[in-house]
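Below: one structure in structure tokens.
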Amino acid sequence: MLLESLRQQVLWANREIARRGLAPHTFGNASGIDRTGGKALVAIKPSGVDYADLTAADLVVTDLEGRVVEGALRPSSDLDTHTLLYREFGEIGGIVHTHSEFATAWAQAGRAIPCLGTTHADYFHGPVPVTEALTEDEVREGYVRSTGAVIARRFREGGLSPAAVPGVLVAGHAPFAWGRTPAEAVEHADVLEYIARLAYRSVVLGAAEGGIPKHVSEYHYLRKHGPKATYGQGGGR
Amino acid sequence: MLLESLRQQVLWANREIARRGLAPHTFGNASGIDRTGGKALVAIKPSGVDYADLTAADLVVTDLEGRVVEGALRPSSDLDTHTLLYREFGEIGGIVHTHSEFATAWAQAGRAIPCLGTTHADYFHGPVPVTEALTEDEVREGYVRSTGAVIARRFREGGLSPAAVPGVLVAGHAPFAWGRTPAEAVEHADVLEYIARLAYRSVVLGAAEGGIPKHVSEYHYLRKHGPKATYGQGGGR
Amino acid sequence: MLLESLRQQVLWANREIARRGLAPHTFGNASGIDRTGGKALVAIKPSGVDYADLTAADLVVTDLEGRVVEGALRPSSDLDTHTLLYREFGEIGGIVHTHSEFATAWAQAGRAIPCLGTTHADYFHGPVPVTEALTEDEVREGYVRSTGAVIARRFREGGLSPAAVPGVLVAGHAPFAWGRTPAEAVEHADVLEYIARLAYRSVVLGAAEGGIPKHVSEYHYLRKHGPKATYGQGGGR
Amino acid sequence: MLLESLRQQVLWANREIARRGLAPHTFGNASGIDRTGGKALVAIKPSGVDYADLTAADLVVTDLEGRVVEGALRPSSDLDTHTLLYREFGEIGGIVHTHSEFATAWAQAGRAIPCLGTTHADYFHGPVPVTEALTEDEVREGYVRSTGAVIARRFREGGLSPAAVPGVLVAGHAPFAWGRTPAEAVEHADVLEYIARLAYRSVVLGAAEGGIPKHVSEYHYLRKHGPKATYGQGGGR
């Protein structure tokens, strides 16, 4: 079986988003990529299988174009979004798609999440961006692939770095988050939900849309990500 | 005992709505119908019995007019709504009535739930409709039966299909959901609550009342229900 | 030990409000009354004791004026509210004071809970009333006793029956609920919280302040309380 | 090992804020101080260690200037806030920093929590204050130390007593709470979250910003804190 270690990580990530309540009704999926071989390979959840029943062997392995390399089941219907993001964002190693409740509410409202506090600033450099709605042409050309395309365009046009902004809201749909590994993608998806929940309540209480002062958010972001990072025992994150 | 298999399904459905928190304080009930015999028979929860104590033998079996065919206990006080819906909606096989919290809040506000995202679009074709309030005459003629009648009228006048719109909000009361089986009715009641919760928060965040673009919602609905359905391992749902 | 059976009921009621999350941080207490002897006797929680540690023997027994008849511990600091309500509302047998979260939010907002749905109508005849704030004189004369007095006045002036309206919101404070027994008082406190939570969300969604039509709410109230009650297996409630 | 007993209290406090859900994602820390020796010593959580793995020996002991006296790990990145507060507030013995969700939402909105009910009045004398945002200079001079400084300034300029107001919201960040012991600091952090949650919902329902009448809040505060305190079995708290 190809990619034993990656399969274990992806299996864990799929189960973990269910366990943490980020993927109610099995709405969600996780994938990981191995870029070390001659040809990058993606491991992803099969479509419509319950998280409880999932095994490492059930995962589907595809190439970067989404062609199945190993696996008896049909890959997640969101596969084309994952592979497009792996092609566009060369530094990421794992992607998690959830329907977590508050992040999805912001996505349904079509609103970026403003940076209203230091937790947000620790994880996301600037607002959590929201894509545009897909046009009629984009839906016709392939809804799932176009979902990846509008995310990539949002980052390109906004000059955003996937390392500094590890997630996005797809308008009228739900969030995607990523990281250097599937586990980090899960952590970012979970923190994104926490941020979304806090921001919802802060906005109801009248928080300023502009968010916290830039000198505060920059301090926090660099505290955890810059060369002088001071958080944790390591020196990095 | 009549309808052993249907009784088991209906028993499960009644317990499941309690277990999932959709029927707080035993506010709720589930039924199923067997249309295969010469005469259609309905199995429904008895009135005022705790879900924990319920057995298959406690269920009450009636005909389509609500006449008890088998059972020592009084049927659910909502029986006449169930039987009217089974008469009007020939394709449904199970009905679930809940007081799940967010769906009930929309019902109490007398508002249809707009289609604000892809999860909604996957399950409901268009908004989740809300009935009119019952008139004084309708209450006098029979509150429970009239509840079924205002639902049926809402579907007839709105040109709605019970297969495409598997649930409804009764104004000032609570939701009903249905499906081809009691289990599918439970799933639809559960997803309806999830949709209602998301929509509540999206509306607070200023989501457009019009909802997501029609070309997106149509894509999603047909992805799961059309002849070219691509979701899951089956090919259908 | 006096009142063994009542003590057991009151012990259960005190533990149950904690178990159901209605009395966070031990903010709450329950009492019961025995009116069968020559002299009515009240059993109530002692002050500041954790629900987990409470035994039937810890309960304090007082007369209707609040004089301790049996018990080594100091009675709940809310005793004078309980005894005043037992004197004013001759038909009630148990009282529960909670700080359940949504009912308390309505109390803090100083708003009565309008009847927005059938669940409300099944349990409360009309809105859940809110008292006036205590005046400076009333606080000086005795805060706890005056709390009972403003409740009694609210019912007297509003022409409300404690049997038809089994609970109240004390403005800027929290709810009280009652019933024929301590157990029924717990049930009413629990349903009040459910009603308050639903109404909160309904109001956010723009529910009409006037509530559901009177012919609907009357139907529901009488369905469970009138001489022709049809709910449950009994014939009464 | 220094300060065995204090270490146990601080260990408990750190674990307890996680167990009660006040420190999601390990966002939070607790400390305690021993002022009985010739030189005051602070015990605090090490940085970036999971609550589940934490032992009493992992805690870091520093002096009032934050110099490590005992401990192999790096102290919490928030140490300088804790030590500044211990220097400024001579009567406190424990500090808890959380990111509890509703208190943090108020902090992110930059709003003090008005006293809307008796529970608030029992624990906080007046509104829960909110600091100003840190200026660019304050961030440059040391974000963490300046966080303590803006808290201290808020109390000094507002004429507030840390004994009467056992917590604060740092604008755009999160709450700090304190008490005579680490355990009391945890209790205050927990009650602060409860108060914040109630106030959020009360404000949505239109609660008057001015809060409850002063004669009511004074009564409640003095009931638990004044020389004539009547709550609990003791006579004090």
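A, B, C and D are the chain letters, set down in written order, and residue numbers restart from 1 in every chain.
Just so it is clear, a residue touches a chain if its C-beta (ideal position, glycine included) is under 8 Å from a C-beta of that chain, and two chains touch if they have at least 3 such contacts.
Quantities reported herein were computed from a predicted structural model and do not represent experimental measurements.
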item: Third chains touching both subunit D and subunit A; value: none
item: Label of the chain whose CA centroid is most distant from the centroid of subunit B; value: D
item: Approximate Å spacing (C-alpha centroids) for the pair subunit C, subunit D; value: 34
item: Subunit A and subunit C: spacing of chain centres that average the CA atoms, whole Å; value: 48
item: Residues of subunit A touching at least two other chains; value: 204
item: Interchain pairs in contact, sorted by label; value: A-B, A-D, B-C, C-D
item: Subunit A to subunit D touching residues, read off their complex; value: 116-119, 190-191, 194, 197-199, 201-202, 204-208, 212-213, 215-216, 219, 223, 230-234
item: Residue ranges of subunit C touching subunit D (in the complex, touch as defined); value: 24-25, 27, 46-49, 73-74, 77, 99, 101-102, 104-111, 133-136, 139-140, 143, 172-174, 200, 203-204
